[in-house]
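Shared between the two complexes below is chain A, which has chain B as its partner in the first and chain C in the second.
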Partner chain A sequence: MIQAAWIPRAIILGLFAFVIFGPLANMLLWAFTEVWYFPHKLPVEWGFGFWARVFKPRGNAMLSLNNSVVIAIFVVITCLLVSIPAGYALARGRLPWRSLILVAFLLPQAFPSVAVHINIARIFYGFGLNGTFVGVVLVHTVQGLVFSVWIATAAFSAIDRELEEAARNIGASPLRTFFTITLPMAMPGIMASAIFVFLQSLDEFTGTFFVGVPDIMTMPLLLFTASMEGNYQIASITALILLVPSVFFMLIIERFLKADVLAKVGS
Partner chain B sequence: MISTATRNRERLLGLLLVSPALLTVGLLFVYPLGFSLVTAFTGEEGLWTTANFFKAFEFYSNDILFTVVIVVLSTILIGLGAIAIGGYLTLGEHPVAVAILKWLYRWPLFIPFIVAGQLMRTFLAKNGLMNNIFVSTGLLDPLQTTSFLDWRGIVITFVWKQTPFVALLVAGAMASLDRSMIEAARNLGARRFRILAEIIVPQVQPTIVIGLILSFVVMMSVLSVPMMINAQTPTMLTVDMAFRINAYGDYGVANALGFISYLMTGVVAWVYLRQGVRAGGAP
Partner chain C sequence: MPQRDGENTPSAMTGVSLEVRGVSASYGEVRVLQDISLTIAPGEFVALLGSSGCGKTTLLRSISGFVPVDDGQILLAGQDITNRPPDKRNMAMVFQSYALWPHMTAAQNIGYGLRLRRVPQADLKRRVAAMLDLLGLEGLGERKVTQLSGGQRQRVALGRALAIEPQILLLDEPLSNLDARIRQTVRHEIKALQEQLGITAVHVTHDREEAMVMADRIVILDAGHIVQVGAPEEVYNRPASPFIAAFMGADNVVDFTVERANGRVRIPAAEHNDEAFLPAGDVSGAVHLVGDCNGPVQAHFRGEAAGLVSGEEIPPDSLVLRGRISQSSYPGGFYRYAIQVGAQQFMVDDPRPLSVGAAVGISLPAASLHLYSP
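And now, the complex of A and B:
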């Protein structure tokens, strides 16, 4: 028999589930709708017609998906290239103004970003970077640095220094020690930071909106355009495509981001 | 003196390793930020002026107020929601209910704002799923349904998207509290609501405040949600800035509005720092 205490609990959890999943359910309905008009409460015709349109080779959507993934990969590479040395130095070296340097990477996330993006676009215009891949990659890189630098710093801090010293004692050079001992051990943390940076870039809207237009179409911009045109099927399918990596990475992130690294983030 | 020389070399090497990353932030963020501040106070002839601000207030004072009300209201609701979720995860008596809540509340965490905007644009519309369900279950008459795609829609989207983030931080802080005081209060017969309000919340207050400030900044930065949810005036400052640029190329007023939005977040950060000083510890 169900206990009486479960009645209020079930009502509240049910309402909560409605609040969380209701909007998601509406997106799923639209993604598989062919025809849906008022006053019908559910789609009149279901189907995959719009999926075929989205995944048409050389279609607008495939182009945006391709752009988004290529940009995100380049953003990850750029972020890691500058963050691995920076994270190592912040974790190991006796740096002057260490905490100030750490805070500097937080700045792009600590200011309301629209006004800054407007000015980045204006400056980029002078260099011919507006509407180019390089311009968009640079904008996303700045936003991603806080994740990559902070997590890389934490990952390097969590490594036992005695292993490095042992390698040095048996005659390995500092560089060799770094590439054979330190970097492999920090890898899970760095992979986690790469995931954050990748997602951040994949989902970025504001910077691309100002710097990428009109030539660089990414998935978020396609979603926005389709939604504003009232094409809810295309918008919902795009939203679903953007959702999949987010949810997938949310599920696996705990494998990469171990508690010992997490405890050192920002310290 | 060899040790000093080594240490100096080590410092120099460290700075060298950090410099590419620092340079990136400097060139691509600090420089444009400075550019934004200067432009806000520069007139068309290149002279220093406050005219941009007069114009900004003349045209957009309603929107400034609208932005403040929306962001403050959302922040309060996010705080209450996060405390309620964290509190139940800490004090909930039934492990199954706690597990269900833990599984449920995280979903919006990694959903991008642009996707959240699209979800709500369909869900909250006059003929959206929400009203359809209310009508089907008999809660509402078809004639009573209204669209929530106005200021309420923005608040709902912000709260839906940001509460899990703050709740995650708050629940983590609550979980690491010393349980003995909570158990003692429970043994004395204190109700759970009192334990939450008088014992738990005061101890995790710094975490709550940090989470809310981060959310505040995020909400001040989002352009997609107000554009997609609220296609009318008054609207949020982010939309006004984009409009000023795209329609008029008017960088002066756009940056003046930007400056106002920096000030708003600045005030919030200042309140937080002052509170930290008053509490007698590092913030």
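And now, the complex of A and C:
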């Protein structure tokens, strides 16, 4: 009996591995497939043909990759411009509606995303923002602010107020104190929030779909279009490209974000 | 830290006077300071002493500008600085937590205030090096402060404060995070440094001995009021109230009814004490009297001032309390006895071995007694 105890465990682990790695393996197979049709268990013909098509200099894929990255960078900048002052004020100032303000940033995530974005699209239509670069950046920013404001608030809260007082005490102005003491100390948390926002923007689909289509094409939209057209090779290659920054940044975040910062989120 | 002479020390700082005039302050609805007035001379070392919650830290933070005052004025060298922001007061504080910046090295922490003052790079380097040298931190300048020991951090915090050559040095319980042994030496080091630099210092502490050792003058606070100001000998030997007496270690209390006669104090014999006729007034070895002391009084004395007598002998100019040994222990060098006197118990040290249950007298020299009229 005791010797057989590993069997259920192995089965469960195997199932988990299949659930996690099965789709990934399927994606990898499709990425290097030239021809694959039923009833074959594996691709009939292997090759890099579709990679060449994706990375064609004037191809759709390169254009949308470029769009995605530029949008993500602008989203990060906009989010930081809001979240650094907002996070500091929420962490330090005695704002009367502090928790309400923090919850307000959560609201867009609390409602069904499609419903929210259809309405945003309607409003943006009135301002002529639909199908524009600015419109897409704004939609992504609304989502990114949840992470960036909450994490920035936590990062600023984690800094002992005496560290700022020590600077004021020996002659630093409030602004100088902020830029030489507070901000550098909050930087790990703020960097982590920037990375979250960047990744979130890179992967964002619903908002881009309602506000950006058909003028602004991003990687997730390309992925969607390719899968809808049954072009699994293009879809898989696009997904692989999207996976690279995610994995890379996740590893960095793990080093950046310390437990004491995370513990202050929402406190 | 070793003592050094002139050439290595930062240029001499001259202390200035500090005056607190009728200051009141509060946290929200709670009044923490009530009409505090205090004048500190240039170069003087003043300790603010009191138990936690007495307002001593608030007073220090009012002086440094972190706690706004509701009422009153703070004057630095005669100038009103009551409404100046903390960074414009030219004071430097050593925080209880040290508040060193973990993203900087020891040298960067010390040099921060100089960089703010746009001291040229070469000059800055030289002054930081001199400060590290002065504090016995040679070679540790490039270390992150997180890699330093508690004592070293304390010195970096002191160096950061002294580097800007402040007019006033504020110390907020700077020694309370050090081990007892290091604390003893750092006390003397800070005091020596303060004297050497001639800087005016205000030191907040709840440690009586620390205040006694370091300060020229001790200010005792209780519940937001100053209750006594004086030199260490003064507050130790002549505590102005029963509260101060207890706080300064004279925490054994006996109630008597006394009468004054011929400049002396007569304590009549009672169930637990012999009659005593003790010198009072302005002579050495006199009882310390507060109030008219003719009638009921509260007597305070320190356990270490008491001696043991056996039999009926009464040492001259002493009060003898009669009791029995209820407990004995040997902490080393002498025996420590718990003596039951009526309902009360007093701890008295004596070199002689005595047995539990023996009848003994606690002799209290007149000079060790503080009598307070209610």
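Basically, the second predicted complex is superposed on the first by the 263 of 267 C-alpha atoms of A that agree within 3 Å, B and C clash if a C-alpha of one lies under 4 Å from a C-alpha of the other, contacts with A are read in each partner's own complex, and residues count from 1 in each chain.
The rule is short, and it goes like this: a contact is a pair of C-beta atoms (placed from the backbone, for glycine too) under 8 Å apart; a residue touches a chain by one contact, two chains touch by 3 or more.
Just so we're clear, the structure is a prediction, and the values are computed from it rather than from any experiment.
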Three-chain arrangement built on chain A, chain B and chain C clash or fit: fit
First, second, both or neither for A:G22, with chain B first and chain C second: first
Contacts of A:F74 with chain B and chain C, given as first, second, both or neither: neither
Touched partner set for A:F111, first chain B, second chain C, both or neither: first
Which of chain B and chain C A:I181 touches, first, second, both or neither: second
First (chain B), second (chain C), both or neither touched by A:E165: second
Partner chain in contact with A:F147 - chain B first, chain C second, else both or neither: neither
Contacts of A:F196 with chain B and chain C, given as first, second, both or neither: neither
Chain A: partner with more touched residues, chain B or chain C: B
Closest approach of chain C to chain B (Cα atoms, Å): 6
Common ground on chain A, meaning residues reached by chain C in one complex and by chain B in the other: none
Complex contact set, residues of chain B against chain A: 7, 10-11, 13-18, 20-22, 24-25, 28-33, 35-36, 39, 94, 97, 100-101, 104-123, 127-130, 132-133, 135-136, 142, 160, 214, 217, 220-224, 227-228, 237-238, 241-242, 245, 251, 254-255, 257-259, 261-262, 264-265
Complex contact set, residues of chain C against chain A: 64, 66, 85-88, 90-93, 95, 97, 99-103, 112-113, 116-117, 160-161, 164, 166
Interfacial residue positions of chain A with respect to chain B in the complex: 5, 9, 13, 16-27, 29-30, 38-39, 41, 81-83, 85-86, 88-90, 92-96, 101, 104-105, 107-120, 122-123, 138-139, 141-142, 145, 149, 199, 202-203, 205-206, 209-210, 220, 223-224, 227-228, 232, 235-236, 239, 242-243, 246-247, 249-250
Partner chain C, residues of chain A touching it in the complex: 160, 162-163, 165-174, 176, 180-181, 184-185
